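Step one of this worksheet: look at the structure below.
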Amino acid sequence: MLRLLGARLLTMVPLLLVVSFLIYGLIALVPGGPETALAGSNPTPEKLAMVREQLGLNEPFLVQYWNWFSAAVQGDLGKSFVNGQSVWSAIAGGFPVTLSLVILTLLIAAVLGLGLGLAAALRPGSWIDRTATVIASLFMSLPYFWVGMMLVLVFAIDLRVLPAIGYVPFAQSPTDWFLHLITPAFALAIVPVAVVARQTRAAVTGVMTEDYVRTAEAKGLRPVRLVGKHVLKNAAVPVVTAFGVEANRLIGATVVMEQLFALPGVGKLTYFSVFSRDFPMVQGILLITAILIMFVNLAVDLSYGYFNPKIKAT
Amino acid sequence: MFKKTRTVEAVKSVSFGIDTGETLGLVGESGSGKSTTGRAVLKLVPVASGDITVAGQNLTDLNGRALRRARRRMQMVFQDPYSSLDPSATVAASISEPLMVHDHVSARAARTRALELIELVGLRASHADRYPYEFSGGQRQRIAIARAIALNPDFIVCDEAVSALDVSTQNQVINLLERLRTEFDLAYLFIAHDLAIVRHISHRVAVMYLGRIVESGPAERVYNEPAHPYTQALLSAIPNPSPHRRSERRIVLAGEVPDPARPPSGCPFRTRCAFAMDICAERMPEHTAIDGGGEVACHLQTSGPELSGAPLGDLTAAAIRPA
Amino acid sequence: SGKPGDLNPGSTSTAAGQPAQNVACPPTDKGAIDKNATFTWMYSVANTSFDPDKVTTSNSWMYLFPIYDTLTRLNANGEPEAMLAKKWEVGDGGKTLTLELIEDWKYHDGTPFDAKSVKANLDRHRAKGSFNEQALSDVKKVDVSGDSTVKITTGHGAAPLISILASSAGMMMSPAVFDDPKQANMPTGGSGAFRVTGYDPATKVEYTAVKDYWDPDALNVAKMVFLISSSDNARLNAVMTGQADATFLRSAMYQPAKDGGLVVCQKPSLASFTIALNTSHAPFDKKEAREALNYAIDRKSINQLMQGFCQPGVQMFPTSYYASDPDLTADKYPYDPAKARELLKAAGVPSGFEFTLETDNLESYTSVAELIQANLQQAGIKMKIQPVELPKLMENFSVNKTADAVMVQQKADADPSIQIAAFYLKNGFSNPGNYTNAKVIELDAEAKAAQSKEERAAVYKKLFQEAHADAAPPVTLCHLNTPLAMTGKVQGVEVYVDGSRQFRGVAIKK
Amino acid sequence: MPRPKKPEEPAVRRRRAGRFGQLARRFAGNKPALAGGVLLFVILVVTMGAPLFAPYTPEQINIADRLSGPTPAHWLGTDALGRDTLSRLLFGGQVSLAASALSVAIATLIGLPLGILAGYVGRGPDWLLNRASDILMTFPALVLTIAIIAVVGPGLTTAMISLGIVYSARLFRVIRSATLVVRQEVYIEASISIGTPGRTILLRRILPNVLPPLLIQISFLLASALLAEVTISLLGLGALPPTASWGSMLGQAFAEIRGTPSLAVFPGIAIALATLSFNLVGDGLRDSFGRATRKAEG
Amino acid sequence: MTGTEPSGSLLSIEDLRIDFVTDRGWVNVLNGVSFDIGKNEIVVLVGESGSGKTVTSLSVLGLVPRAHSRKTSGHIWYDGKDLTELPIGELRDIRGNEISMIFQEPMTSLNPAFTVGDQIAEAYRRHRGGKKKAALARAAEMLDLVGIPNAAARLRDYPHEFSGGMRQRAMIAMALICEPRLLIADEPTTALDVTVQAQIVELLIRLRDETGCGILFITHDLGVVAELADKVVVMYAGEVVETSVARDLYIQPKHPYTEGLLAAMPQQGVRGEELPTIPGRTPEPWSMPSGCRFGPRCSHAVEECGKAVIPLSVVDNGRSCRCCRSGDLALGGVR
């Protein structure tokens, strides 16, 4: 296991190198440099030139990349063009918020999605199944930000039971943390809930028809154990895969959601930096998210080995 | 046709030849390399060393276009009737494929020929535009056979062509194969694990174990006077329908087939052989000619005390204990 | 007319269905103030720096006013008031300004506030590379005479300085921290009523009141928090749920805010919607073409679209401002597509022309652009809309000078001269086509040297007449009126006529 | 005495139909799928026939009649500029659907041939293409698209092309693994043994058999792409005004969401219905193909 | 009705009729299946693919997928209880305990996600309780009994680390761990090599001799039948067409279908001769012929065969047959 992990981590290194190169190049090689953003509302050509010089934008591209990358490896992602803040600390500041949001979203997706999927799969064709399928199809079709907006109107503005915006750290007040995040998390979760429910239903119904489930049934196992042990572990791979894909997608969705809910997370930072052409920030965010996604993918891959020993063997 | 030379080296130094109009049965346990051998003959798997000669033409060094051209002389019928036909192509399209590829005939001409072939294998022309899933296993196998004979090949490899079928259907297909063989002077390499079927259809039989041919020879000789302990065991394992012979002892081989990736030293069969001697672990037995025709690779025949080119026949009851 | 008026039942309007022009925000009730309260303001755009020399846009001043007191101050009505300079005097034929400073005040880091430090600040502000360099470009030297007197000498005239010193160019920062780059993120050398005690650049700034502020009447809360969200809905939601105390509104949010029980107050401002033209791109080099553009735009419908929050106007500043020509009212350019077509003929483009308008990609800009697009169509002018983000907009228009025209919200600067320079003078930041008009240039210089406000007003009246006669760019569309929405507890918030956001004296009711 | 009942008549008459005919029959027998298909058809007809159905032109401004709720003159009301919501919805559908079709088409153009190539050829090309898709999959699609637009400039086409490139990695994976499965099917080996050239095998044997997963994936990607279009337009990075798209309509509606909520409701419903129809069709295809495959397996 | 119930019978299936729902609506899959299994008896159920052997065996333990099927008549008597009517909880107590099952596909019948030992021990813990350790020890014993060397160590292997023959043995170990009174083996050898097949058959016979359990052995290979059967039940198209003591069936089949099956056995053929076949193919469940289901393929068919439903009737001394001509036909057996 550790060896496998090590090997996988090693293969991530060249991947990361290519990814970082693309990220840097994509942002830095575009015509019209970032200096205008920096030079203020009435820049003079001299001022622009000065800024270029300060940013090292006059160096050859490869040198620029290498400077950036070697600093990044040492944990220095540079400074914001806009406010001079360290990119790393800006990301680190928003990270707990986004992580909270994503985790809560995935939790909702897990509870509701698995619940709906299992309920549907255990009685295929029943009204439970049909209801769950309809809910899943509907959830899958609603634009999440639209749902978020509607939820705010109802729960925050009309009913005044939930806050409309903002974030409270978990450490400060777990209840407030939850109350502030539940609306955006629920809105973000609707698609994952649908995906996980559908995936679970498909996987579980698939596994339910497997010969080994019949074997287990022939042993006299009761349904709880039958499903809880024999079915779930085998159905887990596609479900976990779906979670991985959704986690990836969520990172994009938080950009919109954190905006609507004024959450001080990485998503909001992304929006803010992209629109203020804060290139070091954008590069840093893309790099960090790429690494995160790599780790999510790695975790998903490694979980396959647990759920299916045969995969581990190959 | 195949000359009686060392024609094929597949799996591990496997050699045999087949004459025009002849059927060679290839039997052995699962994983013994039967399919690989069959596929190697058609160069469907890379052949590391050795020669394959069809009608004097050496296939070994052929590649690309030349190999594709050579393939019209030899065809294959696969074991699984459910997966050997493209589910998205009609029966007529599947049968026409070789015609279009090799004879570059028009689609219409190919279709006409396909209809003839469909009739030839005992289906109705009205079946031509159906898809494989609409057919039973036996019918599919007929379609596969129609495709195989479309180009009038010299030689067909039947890889477990009837194993997946019910007895009655199995017999229908065998009858069809026999009819076609006599009609078109075909040669078959007939791969099967059902020894009873092989006995019925084969002129000669080769027995494989762990990637090697351990015994070969005329079918009658091999079945009546097996010279290799493994052949003996195989034959005794054939379920016998006659209730009268129920009391006969059966040789039950101990243990499992070794991992082909790590075969035992010396004779591959020695780990399960009741006659294993010291030498069996040391040296690979040579192929030795045997009375009644054929060859066997067993130290009992060369280094053993008792046998020497004689069939194993009478010894068994006394010497082999059930596991 | 019907519909829009119906949507604004509270309006006192007549024809165009406009809301009342002046709705005062609740004044401070000295007796009912909670001195320990926190005031939370929510804004759309983040701060760029806490160093008045390192900010990149005047938008950031809002974040700096609580920290740094300015030498002078412009009150909500745009009138100069005493601040760190308790008195001033223009002398030497209008060329010098002498400031008399308050005493017994210290920077937050303990450095005494004195004339020496003021000189140091002013010199730093006008140094090369400072954001305020241009605003103070006319300053020739700063002299210290005594502990609390400073004399500023200018090249053309000192009058503009009085209001310029109320902007970032007049913000005072402890000289001890001048070279400390950390000030950009955590200022410690302020001179104002608040210190920054929490900062999360894209999200919020937290201010805590300083002890013994020199003007105790101007400090009524213990804390201020500025939250940032560019989502209009999020901001309004925050105030409606009480998570924030106040925010500004876009026109579409006005009615819902009132319906939601919020206090909404407003006043005309100096900010305007304008279309800046690149006169090097034909046919904008032709006066007739520019005139045609003015006639082809239906300013009233824009105001309707903005629910009455954008008063039609045809000159840079509203007529209510001293630097304007009161006679240049909106009816100087009635909506008249036929006339526009004629003018196009005169400009040599009888079958109209095509151009691309770049504008901010916010919905409030693009819908105005769409309306204009439809207007211009009537006159045979095909306008393509290209929404881009603000930095890109500036880059395309002012730096690379590739854009034909841009539509922006023009904020008032500290002094009319700055805005005039940007649009009417050679190499002006918003004048990529280098449009020039000799008379305007002459009048601009005259205004700078004028001694009194009245004198300046007269010069500016002439200047804008000239500009109008030449249909000088930009094409002013309307003067904005951005309301504030706040909870019932908030007092003392004022709408500043120059569009700046200042919360001096804000209080929360007990 | 046991009296065996006469075997029941088959419920559905056996009909001569090709494989896709069979599929269509199964699809039609699946109620949700059929509903999805009909819905999709209706959506396509009304949006593509917008010039016929729309009561006004989508850009026709009437500021005096702005923000009206549903009225007899404007069934779905008007927007902030007084434009007819129904007409904009119909024309906007063209834009949104075409945009998602564009990104999916790009994804298919890249993902399908490369997926088949990687799956069929294996070895070096497979390794290389896999790494390339790894890299693409490492970027969060939406963030990347926004970043690209921010530097290149807005426009639906740019957005959808970049989205299509990101999606191509997903499609590549699906096609590649489908090809891997098909590739080791015996009928492929049969074709090789016949002497069929590789090109013909790819086109005639592999391609038709990876169509099922392709179609399924395409219908789901269309749904994703539609939502992405909406998100991008919502952020003001999508369709250029005055062109309506469902996303830009929703974006504009958000500004008025309190005053005129119906403005947000109708595009929301249109988006939901279109996505729903894509998903239902995708599900239906999967079920139909799934059953066909299962049946083929015996 | 079936013949008289042997008093010593362990399990008795009576007129079982099951329908399945398919694309084409409800189709009949089992039609009046009746036979008994005695204590210590090996009953072999033979028939072509799709004749209903598996459905019959699954219905004993109530494992026929409920959602797609319905029982329209019949009983399965065991210990005085009708298993088809037994509450599911009680049936679960019988499953794997008193009656256990081995399935057709050794490759897929073991759960790939758990170790072999875990899966064998699971059945024991379910019915006998106790510590996991004790159950594992018992599982090792069982693996040893079915002839897997180094059993204790192999418990920790996953199914994919076993060969087909070993997996089938593990399945047998699992089935036997609670010492069932009836073992149902659904084609346990079909997927295996001849030599392994022989091992398994030997093993089952030995187990019957040692433990005295009844065995219902399902196969389509008449050859295997002769090796171990006490009694043979022949099925065709969802119906039992003939039941007989094994030896008699071979010497003198009573049903033309049995005759055809016996003749078609490859062991019967002589090289060069055309192999005997039964013309036509088995009817699809949705288009069953009326009257005798074998009628259209039967070379002895007369007009009467197509008319009425033919009952399964006793012909002589414990044999029964579903043929209206069973009295007048003299059919040939094994040569």
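Structural remarks
Order of writing sets the chain letters: A, B, C, D and E. Residues in each chain are counted from 1.
To be clear about the criterion, a contact is a pair of C-beta atoms (placed from the backbone, for glycine too) under 8 Å apart; a residue touches a chain by one contact, two chains touch by 3 or more.
Note that the coordinates shown come from a computational prediction; the quantities given were computed from them, not determined experimentally.
Where touching is counted per the definition, the chains common to chain D and chain E are A, B. A comparison of the A-C and B-D interfaces places the larger number of contacting C-beta pairs at A-C. Spacing of chain B relative to chain E, judged by their CA centroids, is 31 angstrom.
Per-chain Cα centroids separate chain C from chain D by 47 Å. Averaging Cα coordinates per chain places chain C and chain E 91 Å apart. With centres set at the average Cα position, the gap from chain A to chain B is 55 Å.
Each of the following residues of chain D touches two or more other chains: 150, 235, 254, 257-258. Touching two or more other chains at once are residues 233, 260, 389, 392 of chain C. Taken residue by residue, chain E touches two or more other chains at no position, since every residue touches fewer. Residues 32, 36-43, 47-48, 50, 80, 82-85, 90, 93-94, 149, 152, 156-157, 160, 163-166, 259-262, 264, 268-269, 271-273, 275-277 of chain A are the ones touching chain C in the complex. Only residues 39, 42, 44, 67-72, 75-76, 78-80, 82-90, 94, 97-98, 101-102, 129, 131-133, 137, 144, 147 of chain B touch chain D when the two sit together in their complex. By the touch criterion given at the top, residues 42, 46-49, 54-58, 129, 131, 134, 181, 184-185, 200-204, 227-231, 233-235, 237-238, 240-241, 243-244, 260, 389-392, 394-396, 398-400, 422, 429 of chain C touch chain A in their complex.
Those residues of chain D that touch chain A in the complex are listed here as 32, 131, 134-135, 137-144, 146-148, 150-152, 223, 227, 230-231, 234-235, 250, 254, 257-258, 264, 268, 271-273, 275-276, 279-280, 283. Against chain D, the residues of chain C that register as touching in their complex are 1-4, 7, 232-233, 236, 250, 252-253, 255-256, 259-260, 298, 301, 304-305, 361-364, 366-367, 369-371, 373-374, 384-389, 392.
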